[in-house]
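Got some structures for you, see below.
In what follows, chain A forms one complex with chain B and a second complex with chain C.
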Partner chain A sequence: MGYLDALRNITITDIKLDLMRTAYDNDDALLNTFDPRVVILWSAIFVVVPWFFYEPEPLFVMLVASLLLAYLSQTSIYLLTLLIWGSVSNIGFIVVLSSAVYWWQGGSGGLQGAVVDNSVALLPFTMKLTVISVVSLAAFSAMSPKKLAKGMLSLGVPRPFTFAIAYGYRMMPVLLEEYHDLVNSLRLRNRAPENRGLLRWRYYRYLLKLSVKAFYPMTFNVAKRSRVTVEAMETKGFSHSLGDEDSRELRLGDLELLPRDVTFMLVSLLFVLVVAVFL
Partner chain B sequence: MSATDQQSESLFSFDNQDMMVFILIMSLHGLQMMFAELLPSFSLGGLELELGPFLFISYTLVFLFRSFWACLAVPVGGIVFGEILIGDFSAFGAVESLLMITISLYIATTMITDPEDLKWLAVLAVVAKGLEELAAQFIDVGKFYVGVESLEAIEWLPETIWVVETAGATTQIIIAGIVFGALPMVYFYPRMRGKVEPLLGMEPVEGHPSGSRFNRDTLKALVAWVVLTPVAFVFEAFSETSGAFLIFEPKFVESYGQIFLAVPIVAAAIVAYGVVYYRRQDPA
Partner chain C sequence: MSSTTITVDDLTFRYPGSDEPVLRTANVEIGSGEFTAIIGGNGSGKTTLCKAFNGLVPHFFDGTFEGTVRVGDTVTTESDVSTLSRTVGYVFQDFENQLVQPIVRDDVEFAAKNHGLEDYEARATDALEAVGLGDAADRFIWELSGGQQHLVALAGVLAMDPEFVVVDEPAAQLDPHNARETYEQLRELQQDTDVGVIVIEHHTEFIGDYCDRLVMVADGDVAWTEPVDAGLNRVEALVDADIHPPQVTQIARQLPEGDGTLPDGRYPVTVEQAVDAFPAAASEERRPVKVDGHGFGECLISVDDVTHGYPTLREGRTTVLDSFSVTLYSGNRVALVGANGAGKSTLLRLLTGLESPDHGTVTVLGNDTNETLPEELAEETVYIHQNPEEMFVEETVREDVAYYLENRDDPDVDRRVADVIDFLNMEDIADRDGRLLSVGQQRRASLAIGLATDPTVVLLDEPTGSLDLQSRREVTRMLSRSVTRTETVVVATHDLQLVAEWADRVVVLGPDGVLADETPQSVFEQPELLARAHLRPPQVVELSDRLGIDPPSLTTSQIVDRLTTQGGR
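Entry: the complex of A and B
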């Protein structure tokens, strides 16, 4: 029951703060200082690059480098652990299961041999997946959503989608706050079960039920808000600006490629080259 | 803000009301994604036993509004809130969910004939989740086949992956599709129908005009599903396959050594710096 204990110690406020920090506090993050187009292109390259390598050593070096970069980009430690744990446990479970089946079928080498063989076969694959997810986590949590939306827009992603990113960025704290308040007010008006049961399961079931019910008032609030949003956007001419070239230019005017962007790109490419040649 | 007739408009037309519905579903689906992320999950490899995601809210609203844009709002909400805002964004995976979740939900919405028939709606919610999981399973298993070159070398490994993925999909359908999907939806749907729509200046949507559960739109959407699953797989496996295609080593590398690979990079560097400096000299 490690999960439940850990959850009890981490309060909702902690997690809320962590999410806020990840989404908002990234002005000093290393990757946020570059041009968003360069960072998007860069992460697209580094999502592909690990697939070129099949030996564990270069992949390990890349993993270390990507973790370092994630650290420099102030990625949330909570998310990072969650992500690494997810990919390791996922593959680990497959290794254990396939080895057990192999052993049960009377394969040679015994259980231990099967575990080692299967782990070695899957190790590069696991590392590839981990490098890829750490790289994209670093890139996309470091860039502020506003910058990301701009970068995507300039790369040809439709404006309604980049609008959705910017909107989500603005609305997330409001929505979370409102939902939390609704759950709390429902808790005030309901009584928690007297008998909490084994591992407090009745209590958790009660909380879960309230969390589900809280979506009812929430829906109406959000519906009203989305109507107001659209009306406000229309008074500012959103639909009109969608296909308008001038509006697009105005929006993307302050994007500029600087020499340091190019340096960043080249240093990372050189790094890959060095890894490929010497390892 | 006139109450326009939804049925008479073409599938992809996008007006202000579609925008409202889109924002509404996107926000709520995103909120439940973030909330569900925080709930404890017991993850045993491919077998994920987690509470949530709370798909009931997405199903309720999609079945209430039943437009293409409503279906599209679900994956967009998931991507924006669940991935981009917390930084866990994978462009290829995003394309997969955009395609498959949208089309799976859309198939379900075309099969609604009687908006009051809750049992059928509950079945459709499970159908939507099932289609989505089916596509996701094909894609996941396919990824393993492309990604691990020594997969076939290990005895029993392919079968294990099939078993794990199938078990994972089944638990997902039961937990996310039924317990936190269809069942709460049956509770919410009748309570919201006729109440949410007026807030957006709309009339409640009636059943599918053809009156039959399996109609031409369903067929079209199913065909789209069949066509889009491999497309989604291509996107999902793009990195893997591109790796396979680009793995060739040019001849000159053999004769001049791998150091020669630095030449195109240095050349690109000179050109890139040159262009950037030139553009900065030239005041736009």
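Entry: the complex of A and C
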């Protein structure tokens, strides 16, 4: 009962807030305390590392470690759940399909055996995918927009692109709000299906339809707004700054590698080494 | 103090693709160290003129540019926008879109960093202090109120140490309380630092209270430049440009010859001046104030012991409405007033069923909103969004008006749409895209979308927000007319002039719930109540108070009657 109530009480507002917390409230996030260049490099390494392991045990340890890291970096629970649900259901589908084919072809061991065999065979792959997604999600959602942009700029990513990141962070809540308003506005002017169908599927299909329709007016409104933004960018000297060395200097001046950044990197690598040797 | 001058010489400018120039041989000189207001009707070219000061015209909008604009000794065509912007800062009308970084401090530092100025931190700190936002430096822009965001935009401009600051229609996007705060800031800034402040403004009452000089732009030319007192006295010229003179000036004009003028023969332009000029009025016999709102008609909406709030990022859950109860009857014209965040919009959203109260019940026309889908409640209730843009989902206004009816399989869509469009007199804009209309037209279109549903209850959020006075008058008139088609209209608003002219019941919301639920008349009799709710009465009410007119007059015609009968005593 309590569990069901809790589920029912998850509102759009709560989810919105959780996403916002992930994106914006990163003062205490572990990964946000390191030099952004190190974190970017680190996540690049850990997207590759899982592919060198083939046994379930080390991969499982890595999965646990990455989840711990995601937790310390205050990654959204909703996002993590969605992500893990994505990998599991994806692989689950393959298992079901391949087992059915195997059984239909008259393979030995029957359906049950096929499911077990296929699941075990696909387990490492699932875990690899999950580790990679969790690691990159944790890294990129934990870093504050300012750090992320700075890190990328110093690694040679062009400034208009890094500006777009910061601007995206600025506008996202506004867009979210606007989108929500538009969906609501559509709801008040539509009629919900009277016959909701099994598990209210018709009702959910109807909501889904509205949420797609709301994108069009939103895009239009955003396009209208950006006109002023471009003018304002001109007055703030953005185009002036693009080729300006002093300006770049100011932007990157306070980036420095601290011993703790190096330690973080070394500890991570050591961890992988230990996992590789002992498991 | 050395002062800089912006000199415009025979400026003619035509936007690409348009046949008519927006500016025609305009000439004007504006000195720093003055508080200048630029005024003019819609489309008169005043914004284009101001965008020529920082070079956006012609560097950003390339059109046909003739004549010269000089800022100090710099000719704008020989410089560029980012260099000129260091001298002439610009706060746009939709200032939200001017803020491009997520965090306040970063945004204020943005320009200084772009120019490679090493003291960017100190500049940002000083600028934020100057606008009174020192504490907000590390907050996210989107967490701030509209008024605070406007100040951040201003701080971003001040961080460059400009000699001029141009502020485009501050009172259009801000509620009256915040607009006044902004004007206080601007005046302080202008007096303390000798920066020239230039505002584009429709609201003559702000101009009367704060500005020194008035520049009138009409038909692409600077028609005249006058000190504010004299400028606001050119009543005919103002009215021709669809600009209302301050209420006190209007009143003075309607009084018998000699009764409403200052010793030098001019009309007063501020309440202060009016108090000296106008005859004192003796107290009239008080009519009993009628108790309002209760026992009138059938009960349509009841909000019963509702507590509702929102989760926030850092401060946990904030409660907006706490054990709140109210009952609305048929025939009511209810105004919900109160400071930002007092719960006006929240209450309206609860009535639509889009949100369910955390505790308590909301019953609309016999339906408990907890048990009913918003789609079903919308059969009888219509909600008109504060921002009309959120209501346009189709490509033309006509399709938008028809949208609801078509979704409900109305047999008679075309006739009903035509009927509403005719009723609201908007044949001319019916086939255009709602998003591309002016704000005033958008507002009318959003009302049409609402009325087409033939509702029993109409909920309006800030229907007169960001409207120039012409559109405002139209919307007020439409509101009065729409009441004939509906049972109850609830308006959440900051606009006390609207309340005075239109409402018959006022619910004043404060931080701790309902501060008052009375007639407009009795609310306006309590200045301390209005102050607590961050509201400022219309000039006519303030004037009544100062002149000892009791009960206060709510409209200019009322006070003129009172003052003339006094005069003829």
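Brief remarks follow.
Rule of thumb we're sticking to: the second predicted complex is superposed on the first by the 229 of 279 C-alpha atoms of A that agree within 3 Å, B and C clash if a C-alpha of one lies under 4 Å from a C-alpha of the other, contacts with A are read in each partner's own complex, and residues count from 1 in each chain.
Everything that follows uses one rule, which is that contacts are C-beta pairs under 8 Å (C-beta built on N, C-alpha and C of every residue); 3 or more make two chains touch, one makes a residue touch a chain.
Just so we're clear, the structure is a prediction, and the values are computed from it rather than from any experiment.
With both structures placed on the common chain, the touch criterion links A:98 to chain B but leaves chain C unconnected. Of the two partners chain B and chain C, it is B that touches the larger number of chain A residues.
Of the two partner chains, chain B and chain C are each touched by A:229.
Residue contacts after overlaying the shared chain place A:169 against chain B and chain C alike. Contact with chain C, but none with chain B, is seen for A:189 once the two complexes are overlaid on the shared chain.
In the superposed model, A:246 lies in contact with chain C only, and not with chain B. Judged by the touch definition given at the top, the superposed model places A:121 against chain B, while chain C stays out of reach. Legend: residue contacts after superposition of the two complexes on their common chain; A:220 is shown touching both chain B and chain C. Of the two partner chains placed around the shared chain by superposition, chain C is the only one that A:237 touches, whereas chain B remains out of contact. Once chain A of one complex is fitted onto chain A of the other, the partner contacts of A:64 are absent, as it touches neither chain B nor chain C. In the superposition on chain A, the residues of chain A contacted by chain B and by chain C overlap at 145, 167, 169, 216, 220, 224-226, 229, 233-234, 239. Against chain A, the residues of chain B that register as touching in their complex are 14, 16, 19-24, 26-28, 30-32, 34-35, 38, 40-47, 51, 54, 56-57, 60-61, 76-77, 80-81, 83-92, 147-151, 153-157, 159-161, 163-164, 180, 184, 188, 191-192, 195-196, 199-201, 239-240, 242-243, 246-247, 258-259, 261-262, 265, 268-269, 272-273, 276-277, 279-280. The part of chain C that touches chain A in the complex is made up of residues 54, 56, 59-60, 80-83, 85-86, 89-90, 92, 94, 96-103, 106, 110-111, 113-118, 120, 140-142, 156, 310-314, 352, 354, 373-376, 378, 382-383, 385, 387, 389-393, 403-404, 407-408, 435, 449, 453. Across the complex, chain A meets chain C through its residues 13-14, 17, 20-21, 24-25, 145-146, 163, 166-167, 169-170, 173-174, 178, 181-182, 184-192, 213-214, 216-217, 220-221, 224-226, 228-229, 231-241, 244-247, 249-251.
Considering their complex, residues 3-4, 7, 12, 15, 19, 22-23, 43-44, 47-48, 51-52, 54, 75-76, 79, 83, 86, 89-94, 97-98, 101-102, 105, 107, 117-118, 121-122, 125, 128, 132-133, 136-138, 140-142, 145, 148, 160-161, 164-165, 167-169, 171-172, 175-176, 179, 208, 211-212, 215-216, 218-220, 222-227, 229-230, 233-234, 239, 256-259, 261-262, 265-266, 269-270, 273, 276-277 of chain A touch chain B.
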